[in-house]
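Next come the structures, one after another.
Presented sequentially are two complexes of chain A, the first with chain B as partner and the second with chain C.
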Partner chain A sequence: MNIYINGTGCISPQETAQIGPLFATLREYDQVRLSTVDPDYKQWIDLKQIRRMSRVVKMGVGAANLSIEEAGITLPDAIITGTAYGCLDDTGVFLNKLVSQQEEMLTPTAFIQSTHNTVGGQIALLMGCNAYNNTFVHRGFSFEHSLLDAMMILEEGTAKHVLAGGLDEITNYSHQILSRFGIYKKTPVKTMALLNSPDAGTIAGEGAAFFTLSTEKGAHAAAELVGLHTIYKPLWEGEVIGEIVKFLEDHDCTLGDIDLLVTGRNGDIDQDEMYEEVAAALFPEHPEACFKHLCGEYPTAMAFGTWMANRMIAEQDVPAAAMFYGQPPAKLKNVLIYNHHQGTHHSMILLRAC
Partner chain B sequence: MSDLKSQIVEQLNLQEVKPEDIGNDDPLFKTGLGLDSIDALELIVLLQQHYNIRIANPEQGPEIFHSIRTMAEFITAQQQKQQA
Partner chain C sequence: MSEKVWIAGGGVISGIGMNLQENLESFKAMQPGMTAMEYLHSVHRNTFPVAEVKADNEQLADLARMPENTSRTALLSLIAAREAWKSTGLADISQYRVGLVSANTVGGMDKTEDFFNTFLSHPQGGRLHQVVNHECGAVTELVADAMGIRHHISTISTACSSAANALMYGARLIRNKIVDIVIAGGTDSLTRFTLNGFNTLMILDQQPCRPFDETRTGLNLGEGAGYVVLVSDSLLAHIHPWARLSGFANANDAYHQTASSPDGTGNYLAMKGALDMAGLQPHHIDYINLHGTGTQNNDVSEGIAINRLFAPHFPAMSSTKSFTGHTLGASGGIEAVYSALALREGIIYPNARFQQQMKELPFAPATTFSTGNDLHHVMSNSFGFGGNCSSLVFSKE
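== the complex of A and B ==
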């Protein structure tokens, strides 16, 4: 069964909500924390409702709407969301008030808006969609599991159009806490210099990307979602390399069939070692593109990578800003996206031009 | 009443509404500001936080929260009761 990507929507630190060629207007940063470039959300959300929504909810609603608009549908048969952190900002507001007001006089809005499934719920409410609605909160696999659920639902035949996506936000608190873990660089680094950075740490990011998937090819479909595979805490590089080979075999694909490798290199010299090993063992002559220098590191960054790969297939072009190694291929048919989050959550997605 | 208007705009995060745009007798719910049931809960908390007033009888809600003027009158009456 073929699963087509009939529409996509993305809100990220790049101008991805704009119509036009991919990264035509590249946003270059010189900082360790990237924030989304927000479109005018009032085009999708009523003023009376927007006042209660935090950034991550608006991001999700915006990306979801862009996706179904491109797919040419008004109502999906299922809405599936993946988020590791959920609505962190409102969680912070609520918990702070809980402490400062000694558990009294707590306002309902922050509480209502603080759950992980608020985004999926708000998308459904605004669309008037009473169909299946699920949210996966599985750290670095949150987005992947939302896609997996979408694929299974489509294969079961219980839905025709499924809206699935991944999103996460950074807040001042979360950034401060994650910085203490040494995840981020100590000093600002330029966007285009990140991937050749000689030290540990990466840059923080955030964003939302949604995909309208269907077993019927839509007018704007450029690629099929051929396969998805996850590996949790591999023992060593060889395990990942073996799994990639098996994953490709399972989808009747050889290493030579891959036109472009898209990796989740993030400029952390320790974490990028895995990508080096995989590229050296399996794809030494293949062109490689990357995405985390453009969107930053976050648990559902793979959603941005998948969105970017789909756009590259649609445009049959790899923008210079995304190229990491080699020359852009003349044609883009099979694109393998390989990513890992914090060295524990490894995932791969195979897209094929249709 | 202008203080109350500012407090409502802030508490309910009424974007693009200025306190002076709210008429003293405009209905707060439905046709006027278009507030809803979640806002009603926020207004109850506002009265507690800013004026230390608790609404004992929930059935009074529609009457108290009809407009800025009815809210202000209720606050004044309650403050006078507290001082007596």
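== the complex of A and C ==
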């Protein structure tokens, strides 16, 4: 059974909500915290609601709508959301008041909007969708499990069009706290210099990407979602390398069939070691593209990477801004995306031009 | 895709007992778990009764064999998940392809809110170990790592329906051959965050809650964890199943972020969908473990949806939240264990404190504990914020 990506939507630190060639106007940054470039949300949400909605809800609703619009549907048969952090902004607002007002005189809005299923619930509410609705909140697998759930639903034949995606937001609190864990660079770094930076730490990012999947090929489908695999806390590099080989075999694909490797390098010299090992062992001559210098690091960044790879297949082109190694391939048939988050959550997705 | 998925065992820790046997004794003795707050530190401690697990973190850490500074949510989870696994008699977990699908609503919030006390006055304040497991998924991984589970680990958060969705996803992982066994359920500890959140919604009862009673005025929060062990049909020879997860459905009410639609659209769709998957008619259901929070809104919406689907033959029904309180992300897991056990032992659980018939409904909940009933099919409902509605059907065979 083939699963087609009939429509996608992405809101990110790049101008991805625009129609036009991929990264035609590159947003270059010189900072350690990237924020989304927001489209005009009024096209999907009325003004009164926009003011009350946190950014993560808005970017989710926006990306979901872009995705179903491209797929040419108005109502999906399932809505599946992946978010590691959930609605951090409203959580922070409620926590702040809870502590500073000693649990007195609190108002419900932030609490109501703090639950992790707020995004999925709001998408359903705005679309008037009574169908299956689920939210995965499993760290660096949140997006992957939403895709897996979507693939299983399509296999089971209980839905025709499934909307699945991943998203996370940064807030001032979350950035302050995550910075204290030493995850980010100590000094700003330029977008196009990040992946070759010689020290530890990465840059923080955020964004939302949604995919409308179906077993029926839509008018705008460029690629099939051939396979998805995750590895939790691999013991060593060899396990990852072995799993990639097995993953490709499971999908009747050889290393030579891969036209482009897309990796989640994030400019942290320690974390990028894994990508070096994988590329050296399996893809020494393959062209490699990257995405986290464009969107930043966050647990659901793989959604951006998958969105980008799908667009590259659609355009049969790898923009210079995304190339990391080698020359852009003449054709893009099979694209393997390999990512890990914090060294503990590894995932791979195989896309094939259709 | 229709492979049978069996319930091979279950474990529960809640305000009415540290394990499933103690929970059962509390039902028999008609002893609900709501008391004044003893372990949660809140300014509302004398206002709202809660169903706390009757142990402090030091005692729970001892039981769980984890460090005392671990999130209470993870401690509860590990205790119940281990009990669930042990009850199956499956011995060495590493011999099987096992997944853990656990639900929770606020992750390690119990520690995060302590962190924020210091952090808000100084951005370098607060100890990082208090927030390192803030994420919902981090709580699940603490448990998976302690139990040696690696094949598939996931966390679901759809408010009050979270754990029911964990069972559904777990069963589908088995049917899609991704794993052979899934420990599925949920966990949540009481936090000031949720207590105050529900207080702002003005749906907390200052008295012990009265689900499906005309005089109900709100819910009591509880805490705990509950897990079933889902096993593929291919391993049936290795287990003594309590029941079979024969049907399930998830629907969205798409009406309001926190309130249920007056006619219970999502509730109806979930129950109907679960029956359809199980290949059953409404009259086949012998007992419904209600969502039954005790709020005005939930009970009337759920009741109207049940009336629409089941009239005129109503099965026995009760809300066990009248004993455990509403344990949020854990509730669907705890109630799944109760439902599977109900089939094994023929149990109908009592609905505590029911006195006055709801005027909108033609049926009333069961009020006494009974065992040895001839039950063939049991339904468990979980409805929540975000319009998320899920129903599960368990069958004896």
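Quick note on the criterion: the second predicted complex is superposed on the first by the 354 of 354 C-alpha atoms of A that agree within 3 Å, B and C clash if a C-alpha of one lies under 4 Å from a C-alpha of the other, contacts with A are read in each partner's own complex, and residues count from 1 in each chain.
Throughout what follows, a contact is a pair of C-beta atoms (placed from the backbone, for glycine too) under 8 Å apart; a residue touches a chain by one contact, two chains touch by 3 or more.
Just so it is clear, the structure is predicted and the values come from calculations on it, not from any experiment.
For the composite obtained by overlaying on chain A, chain B and chain C can both be accommodated side by side without a clash. Of the two partner chains placed around the shared chain by superposition, chain C is the only one that A:Leu95 touches, whereas chain B remains out of contact.
When the two complexes are overlaid on their common chain A, residue A:Met1 makes contact with neither chain B nor chain C.
By the touch criterion defined above, A:Ala219 reaches neither chain B nor chain C. In the superposed pair of complexes, A:Gly157 makes contact with chain C only, with no contact to chain B. By the touch criterion stated above, A:His145 is placed in contact with chain C alone, chain B being left untouched. By the touch criterion defined above, A:Ala330 lies against neither chain B nor chain C after alignment on the C-alpha atoms of chain A.
An angle of 60 degrees, to the nearest 10, separates chain B from chain C at the C-alpha centre of chain A in the overlay. When chain A is checked against chain B and against chain C, the one touching more of its residues turns out to be C.
Of the two partner chains placed by the overlay, only chain C lies in contact with A:Asn117; chain B stays clear of it.
Applying the stated contact rule after C-alpha superposition, one finds that A:Leu106 touches each of chain B and chain C. Here chain B and chain C sit at a least CA-CA distance of 8 Å once the structures share a frame through chain A. Chain A residues 106-108, 112 lie at the interface with chain B in one structure and with chain C in the other. Listed in rising order, the residues of chain B touching chain A in the complex are 11-16, 34, 36, 38, 41-42, 45, 48-49.
Residues 47-48, 50-52, 105-109, 112 of chain A are the ones that touch chain B when the two sit in their complex.
Across the complex, chain A is touched by residues 1, 42-44, 105, 107, 112-113, 116-117, 119-120, 123-124, 128, 131-132, 135-138, 140-141, 144-145, 150, 153-159, 165, 169, 172-173, 175-176, 178, 192-193, 196-197, 199-201, 250-258, 265-266, 269, 384-388 of chain C. By the touch criterion given at the top, residues 79, 84-86, 91, 94-96, 98-100, 102-104, 106-108, 111-118, 120-122, 124-125, 127-139, 141-142, 145, 148-149, 152, 155-157, 173, 176-177, 180-181, 232-233 of chain A touch chain C in their complex.
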